[in-house]
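Alright, structures below, take your time with them.
Both complexes shown next keep subunit A, but they swap its partner, so subunit B is in the first and subunit C is in the second.
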Partner chain A sequence: MARDRTPAELAGAAPEAAFEITFDGRALPALPGQSVAAALWSAGIVAWRTTRRGGRARGAFCGIGQCYDCLVVINDRPNRRACLVPARPGDTITTQEGDGHAGLAV
Partner chain B sequence: MPDSPSDEVTDDAYEAPYDLAVIGAGCAGLAGAVTASELGLSVALLDASGQIGGQFYRRPAPALGAKRPEALHHDWSAFADLRGRLEASEVVHLAGHHVWAVTRGSEGGAGWAVHAVTGPDGGGDRPVRVRARTVLLATGAYERHLPFPGWTLPGVVGAGGAQAMMKSGLVLPGSRVVVAGSGPLLLAVASSLATAGAHVPAVVEASGYLGYARRPGVLAANPQKLVEALVHGAALLRYGVRLRTRSAVTEVHGSDRVEAVTVSRVDRDWRPVRGAGRRIACDALAVGHGLVPQTELATGLGCATRRTPDGAYALVLDGLQETSVPGLWAAGETGGIGGAQLARAEGDIAGIAVAARVYGQPALTRDGRVRKLQRRRDRMRAFADVMAAAHAPGPGWVRWPDDTTEVCRCEEVTAGAIREAVTDYGAHDARTVKLLTRAGMGWCQGRVCGAAVACLAAGPGDGSVPPSAERRPLAVPVPLGVLGALEPDDAGADSTGRPDATGPDPGAEQTS
Partner chain C sequence: MVGAACAYYAARSGLSVTVLDRGPVAGGTTGAGEGNLLVSDKEPGPELDLALLSTRLWQALSGALSPRIEYETKGGLVVASDETGMAALRDFADRQERAGVTTEEVTGDRLRDLEPHLAPDLAGGFHYPQDAQVQPALAAAHLLRAADEQGSGRVRLRLGEEVTGVLTGAHGEVRGVRTVGGELHAPYVVNAAGVWGGEVARLAGVDLPVLPRRGFVLVTEPLPRVVRRKVYAADYVADVASGSAALQTSAVVEGTPAGPVLIGASRERVGFDRTLSVEVLRRLAAQATRLFPVLARIRAMRTYAGFRPYLPDHLPAIGLDPRVPGLLHACGHEGAGIGLAPGTGLIVARILSGEELPLDIEPFRPERFDGV
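Now for the complex of A and B:
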């Protein structure tokens, strides 16, 4: 039985070479063509935002850009939808705290 | 030129008016675009994604090198056919275009202006406008969500979201995933997650399947739907997935992420039955309660809507897919949730109908091909109504959330706050609740919590989805600079007499 099967094996994926991104300072591999959210899920990470009032952890929910729960800071720019934005080599991904504007000059 | 990123689109693509602008490159939009193009029309096809296919045929980006993308899908040959016809056509595919409004053109009301922001998440520097004589809305649907304790915990994802992330990113939300909610999508999601290697301990469906049996004639006329159910059912059996009907996840456990869920039996109104629930260990929950037509571009222009059997709102369409606003057609889920095959048939009909209008040749719509497509459409629409009724949210779900459960995920508004607005402050509709509590006022513009807030606002005794006056003048967030840079002709040419459809809306927050 295919218990050890992965979606990539099922789809016969032979991706181009993985590259590195960082999440809160930790180096992670990402595949070309994956969204930031997919790269984080690959690393077992499901939360990358804290809410504005309760400070509660959130991550991808709708997966198609509709719910805005997956907002994250990418290369110092807050409020990017992780499920839509493709990961790029060297991306610095940071947990978005609240509205993401604290400490930024915007 | 399909699949080309938007930054390769030349300025020419935005100059001349097209005969037809199609919004949405899923099954309905693709069918409409290629059919109209094959009849000689000039067609622009706008879609938010970088690739064609919509949600149903969502697939990995080319760099992921998937040699068997069809392994993640059903009915791939239909998509291959549409993709081949698109490649052979003159259709201008505008990928990465997030349409935020359609307004009447400035040329005597004869045409339309389609406004879009560009880039993967609409944050690109290049807002654009496409002009067209006619518009086909094929904007699909989004998932309906109902709140319950713990549904905001990381690891709880939309059922459609889990499917979408797997199809495009080849990733899973966890290794042990419970699938729950209601509707036929659950079986598809569970069977694909299990096939892709996730352990799926259970599919939890709040309705029963007896609802389908009440209309045996409609079932007999749609044998392909039974085949689909059998394919999913066989996959569930093969991977040992247990199907629990008349049950719901009533609590999610865990501190930082999902560790387990409680599954409770529910009665026919989805009210939890007293007694201990069953605890199932898992590290993710994929949950959704059906789909809701995405219609705001149309309702912003005054298109009439109808209530569907599951309490959502779909566009009213004539026999040739035209909305109540002349010159504006719709196909697929915008006219009611019905699936990919129905969407293709409707897209075909709309493409022919638009050509007939543009050429001034109504006879084009009277041949055998159109009659055959209409018969197929009507047969599948009948099945869609049975399906919607069978999975319509039961009024008892309003007992799932306790007072601390967040209903509006964006604004962090709890069920307790909404109940207080209803019982103490006399709110009886979603709009009043929104003004008192901010529920539905956040980034997603109420798409996620809208159905739930409307039910809770209706107060005790009626949890069926009441009428909702959802209107989103801006369909996606738009930077204020884009609105400010509009030419007066674009901004004020709405000749419907309604308030300016492009005016800034306090509910649509800028996200960047």
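Now for the complex of A and C:
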């Protein structure tokens, strides 16, 4: 059935071997060239940020780097756009709370 | 902002006011400002007197207007990198104290009690508790709204309507203005066109040498409160007072209730050129990170430019123009227009209603550049 087909099959992609990243301490597979957002989605994770005022859950929305909804902490750096940053072996992805800079508050 | 304040106080005096703006509310210099209400950067003299009056009026307005104007009595902190700078600040603050400004010397070891992220090697600074901030676009909009409500229909707002001429009578007196929409008759016309005030003056046949002094602001990604006050380097005061056309930059750093930190301030006279200058932004970023090293890890998201309405002696033009009866000016406040707006508006309203003026406006007379 059509719904079983994946984008990789549709594009005839033959990616190299998967590697591991972590999301909030949990190990996940990612493919070379895959964005962080795509790797998270593939693992069934759709929310990785909370809004600054209301604390509401957010994940990828536009998927093309325009809406800034998918901000996430990658290797301790907040405000990275998960939809644009390619996953790399060993990346530590962490849920971003608010502006991601709570530690700087005075 | 100055025009909105004139409308507000004039309506409160019982006058009928029509506000004409060729653009939207806060579409010019007001919308490009940081919303500083400062006494700290002003030398004793007429501008400081107007700033002190306006500081009191802003406090009253903050109670009357919506909290959405983001009025914060955050205070200012001027810092010096060495003892020479500190001595200059001390002398400046001493003279300001005698003019009614509250100042407090802060030794180098105490600076970080006030601002924990400040660089550790600064010599010291001065704290100015009277310095405050508003969000300028919201403040202008809410001031106009409040003016209208209080005057119950006395204030009409006509946006997107450019003034194309000043109507005069048989004796050269003002009879109103011509706009793209037709003629509007009024016994008094207030020129509050900011950096375009010179053009409006020209329509009335008089000279008022308002020139644009460009400034850029860098806007960081949203942050928690990282900078508590308005913090700036001592050389900012000298830059403000300078008449040079060449580029000057001095770090001015402040947080906002919305989250981003705003980084200014550059000054250069290059006409109305809006071209982005990477060199200016580079200098602003370098100077800001020297004051607050933590900002080196923070991203700048965007930048914007605006034009300060500059008059050659750094004082605004406020009051009746003796060259054209019925014409008043309220422009040329350079980078201090948001702060000085209420005092200016009150003066204009008092002139129009024939009431006593809150201070001597002789230094602001609009015709003072004639024959210079």
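Going forward, the second predicted complex is superposed on the first by the 99 of 106 C-alpha atoms of A that agree within 3 Å, B and C clash if a C-alpha of one lies under 4 Å from a C-alpha of the other, contacts with A are read in each partner's own complex, and residues count from 1 in each chain.
Just so we're on the same page, contacts are C-beta pairs under 8 Å (C-beta built on N, C-alpha and C of every residue); 3 or more make two chains touch, one makes a residue touch a chain.
Fair warning: this is a prediction, and the values are worked out from it, not measured in the lab.
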After lining up the shared chain so the two structures overlap, which partner does A:Ala27 touch, if you call subunit B first and subunit C second: first, second, both or neither? neither
Using the superposition on chain A described above, determine whether A:His101 touches subunit B (first), subunit C (second), both, or neither. second
Return first, second, both or neither, reflecting whether A:Ala17 touches subunit B, subunit C, both chains, or no partner chain. neither
Considering only the touch criterion stated at the top, classify A:Ala57 as touching first (subunit B), second (subunit C), both, or neither. first
Thinking of the overlay built on chain A, is A:Asn79 touched by subunit B (first), by subunit C (second), by both, or by neither? both
May I ask you to name which of subunit B and subunit C touches more residues of subunit A? B
Between subunit B (first) and subunit C (second), which, if any, makes contact with A:Ala8: first, second, both or neither? first
So which bits of subunit A does subunit B touch that subunit C touches too? 52, 79
Across the complex, what residues on subunit A touch subunit B? 1-16, 31-35, 37-39, 41-42, 46-47, 51-54, 56-69, 71, 77-81, 83-86
In their complex, what parts of subunit B are in touch with subunit A? 48, 55, 60-69, 71-72, 120-121, 123, 142-143, 152, 154-158, 160-166, 168-174, 195-197, 199, 239, 256-257, 284, 409-410, 412, 442-444, 447-448, 511-512
Provide the residue numbers of subunit C that touch subunit A in the complex, in ascending order. 115-117, 221-226, 228, 259, 294, 298-299
Give the list of subunit A residues in touch with subunit C in this complex. 52, 79, 98-99, 101-102, 104-106
